[in-house]
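The structures considered in this document are given below.
Next, two complexes with chain A in common: one pairs it with chain B, the other with chain C.
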Partner chain A sequence: METTLPSGRIRVRPRSHANTVLQATLIVLALLTVYGLITIDTRNINVVTAFGDMLNNFRVVLFEARLKNLSWLDLFRELMITVALGLLTTVFGAIIAFFLALLAAQNLAPRRVNDAVKVVMAFIRAVPTVLWVLFFAVTAGLGSVAAVIGMTFHSVGYLVKAYAETFEELDAGVLEALRASGGNWWQTVFQAVVPSSASALLSWTFVRFEINFSVAIAMGATAGAGGIGFDMFMASAFYLDLRELGIFTYAVLIFAILLEWGATRLKETVGVKRQA
Partner chain B sequence: MQPDAFFRRRRIQSALFFLAMVAMTYGGMVLTQFDLVQGLSVIPRAFAWGIANFVPDERAWARLPRILEKLQETVLIAVASSTIASIFGLGLALLGANTTRPHPWFSLPARAIASIFRNIDVSVWALILLFSFGQSGFTGFFALFFVTFGFITRVMVETIDEVGIEPVEALRATGAGYTAIISQSVIPACLPQLISWVLYMIETNIRSATLVGILTGTGIGFLFDLYFKNFSYGSASLVVLATVAVVLLIETVSNYIRRTIL
Partner chain C sequence: MSLLELDQVTKRYGAETLALDSITFSVQPGEFVAIIGPSGAGKSTLLRSINRLIDITSGDIRFDGVSVPQLRGQALRHHRTQIGMIFQHYNLVNRLSVIENVLHGRLGYKNTLQGMLGLYSEQEKREAVRILETLGLSEQMYKRCDQLSGGQKQRVGIARALVQQPKMLLCDEPIASLDPSSAKVIMDTLQEINRSTGITVLVNLHQVDVALHYAERIIGVNRGRVIYDGPPHALSNAQIYQIYGSEAGELILDLKERYAA
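And then the complex of A and B:
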């Protein structure tokens, strides 16, 4: 029996639309990366020397960390302020986002309402959190009020998307059953939607708490929100004290790892994926 | 357990949970000196002020070329750091994933390194890097690079393990070496997921780059800070609008790419 092989190379990967897009994406990313590196603003620093400095600085941060301007008690209080900022903005964000997400979910509200809520939320998410905080700081002054309101805005934008997608995954039959038995909209929400999505909502909220803790550090450093971020900014920009910065870095690293561990445990028990 | 006893216990549990949350929220408000009444009154006042003052004026439009130039700088740094960090992240993930690690001992160190890089916030990295790279673009580049590197390593370890051992075993059975197995089976199988995560990190990093820019005095963040502190609110608002437009554009493009390749 004779089999004829196609001449030349055998095409292993079929030429499909998906592959074309994949390859185009890779090429565009590579070109932009090269162009970005060529045009980066070096401010005439010697990159090789600076890189050596960086490694030495890492060593100082890691092995020579010590406190100077703050006591351990101060450090704990400052860390707790940052945690509190993260907690407040997550709680406020979750409450507001819950009601807006009911309007954004396709199976719970009319299409036109969905689209309106989603467009506003996409806009809120696209504005970096720091710009929200500074925007509110003009009226409220720099401080915790502007920080909490600004961070809450961004949290709402994120959580509405996450919650609405959770609601949309609900079993249509359950909603149908409640509607058919004459339940009104609020009864449907509290007897069907909330019980069956509670664990997923909780998991998303915890993920947002993890994010808000990091954001609270950044807002302390850039937008006068106080807490450990502000101390880090002072240690870096004013006292030029890498060693104290080292202790702060350990503090936020340990807390962030604890949070991540908690989030992973929570996700394992409720089985939700991380992707935003 | 009796059904009513079950429901009573669940009600008590939820009530305790809510009480704990209320107590912690109240404690947080005391600790941060956040005044809820003041906070609520700020929102309408801020938007009233924004509608009157936070709109691009003529001076702002004249500054548009400079804004776009700085925005391009920020976007390019976000793309370059995300892309390069992803290559390194993929490398570490191959060493750490259960199916592709050269030796079982590689797993724990690889995951620990990724965890440290990922859990130090980008603003913290920027504050440390300021000591060596000063106000150059490299401060932002490396700050974004380190966080992305840690994040990509983590998600790629999960992705590689999800792909499973079968394709690796199939290639091993043909006598393929380690590099052939990685380049012919593992990487092609994971590439769409990897690209999806790189695009996600680019979106995140453009927002983070704005923040880092305020800290280090570079890119679009610096320009916003400059206009903002000089009370040129019209120009500052144009910076926000331009940033939003670019973020939404990139989100749309990456959603299209994701839908096509996944």
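And then the complex of A and C:
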């Protein structure tokens, strides 16, 4: 009996343009890596020793953490400055974003207004927070004011998108019903839109608060906004004190966990509050 | 004097689609009118043009002596307070309580701030509670609307319309999403409201048998035109086929049964 076995080796993967490009890319990357490793300037550092030192540094940061230049009270105050920076920018951002999102939602405002607001917000989001802070530092000077304005700016861009999409999921019939009974736009917003989307708005706002908290740490150092980020910068780059840096790391970690826990609890309470 | 007069009402969507084509009829105070017709015949558009949720292209609608197409702002809100509307999908704010939803019927009477904050007078609240009692919903008063059954939701919808103290009720497919027994409760309720308070009822229906059973007057609509306007007993099989067009042969209802019964 005759079979249709091809002569030679059987190819499992078909030869296609995409596969060729993928393989070529991987080969080029591999060659670049090898070249990089060969020509790396180690400055006569022993890689094994360096790796051991790194692990030792981690051990010092995590297991020998202690305070030196700051008291516990100072630590708490600095942490609260960072929290305040995150909270303030979130609250400002949320309030401004709420009203702009009403204009950005397709079921609440005319199409032209939607598009205008959405384009501006997309632009604001496209520029990183740090750049906005540095941008406002030109007028406000490097410091907490520039940090607050810049972070608020980016929060607004982010929250408008999140809020507007929440509003757009609303049942159109409900809006129609309130209009049919003579309700005007503001009444419809506060009697139908807000109650229906409250828990989603809250949850987006909390996500942004978490983002703003971590951004606030970075801003403390880069924009000189103060807070625990600035102390971390000083401890690591100025005093070279890894043990103090460890305490700051733990403080941030603990607060982030508390935040997460609080957000979950709050969301649960809001979710069931009206069940009664 | 007629409560509602439609005169050559036409609604065009774009250049091609004619949703309403020169519709003319009038409704006397206290009438119970059913509008029947196939899906897409323009029934919903017709109801929504009466309370101006939709703007008509040409013609005139007069409600209680006032020309509706010209109304703006405050006058339009006042016009809408006089007409209660009931929807197929109830259109309640699910996260709010029953009583809060009923009080939404008062929004048209409130100024912007009172309405936004939900500040209703004791008299309005008492009236809302009274209406809920007559509809058998007093135990559900503080429940969230998403915990109610379909029939209960529709009764909340009726309560919201009644608290407006309307002269007329527009019902857009009020029983299309309900099981037969809840549907009967809703239709009986509408009939009872019509008889005891004299509120005019204009109801869109898919179910011809229900329309024939409850309405004093039938308006048959097809492709935006009124095909039949008269009492239910004068409506012939042939006319029903005409209203439902090519679907005629598929109609479940057969009028012979009605005459036999």
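The rule is simple: the second predicted complex is superposed on the first by the 210 of 276 C-alpha atoms of A that agree within 3 Å, B and C clash if a C-alpha of one lies under 4 Å from a C-alpha of the other, contacts with A are read in each partner's own complex, and residues count from 1 in each chain.
The working rule: a residue touches a chain if its C-beta (ideal position, glycine included) is under 8 Å from a C-beta of that chain, and two chains touch if they have at least 3 such contacts.
Values in this document were obtained by computation on a predicted structure and should not be read as measured data.
Once chain A of one complex is fitted onto chain A of the other, the partner contacts of A:Gly173 are limited to chain C, with no touch recorded for chain B.
In the superposition on chain A, A:Val61 makes contact with chain B only, while chain C stays out of contact range. In the superposition on chain A, contact is made by A:Ala192 with chain C only, not with chain B.
Number of chain A residues touched is higher for B, counting chain B against chain C.
Contacts of A:Ala30 after superposition: chain B is touched, whereas chain C is not reached.
Applying the stated contact rule after C-alpha superposition, one finds that A:Gly93 touches neither chain B nor chain C. Contacts of A:Ala140 after superposition: chain B is touched, whereas chain C is not reached. After overlaying the two complexes on the shared chain, residue contacts for A:Thr39 are found with chain B alone; chain C is out of touch. Where the contact sets of chain A with chain B and with chain C meet, they give residues 274-276.
Contact residues of chain A toward chain B in the complex are 13, 17-18, 21-22, 25-26, 29-30, 32-33, 35-37, 39-43, 45, 47, 50-51, 53-54, 57-58, 61, 80-81, 83-85, 87-88, 91, 122-123, 126-131, 134-136, 138-140, 143-146, 148-149, 214, 217-218, 221-222, 226-227, 229, 232-233, 235-237, 240, 242, 245, 248-249, 252-253, 256-257, 260, 274-276.
Per the touch definition, chain C reaches chain A in the complex via residues 51, 53, 77-81, 83-85, 87, 89, 91-97, 104-110, 112, 115-118, 142-144, 147, 157, 160-161, 164. Chain B meets chain A in the complex at residues 21, 24-25, 27-29, 31-35, 38-39, 42-43, 45-46, 49-50, 54, 73, 76-77, 79-80, 83-84, 115-116, 118-124, 127-138, 141-142, 155, 188, 191-192, 195, 198-200, 207-208, 210-211, 214-215, 218, 221, 224, 228, 233, 240, 243-244, 247-248, 251, 257, 260-261. Considering their complex, residues 171, 173-174, 176-184, 186-187, 189-192, 195-196, 198, 274-276 of chain A touch chain C.
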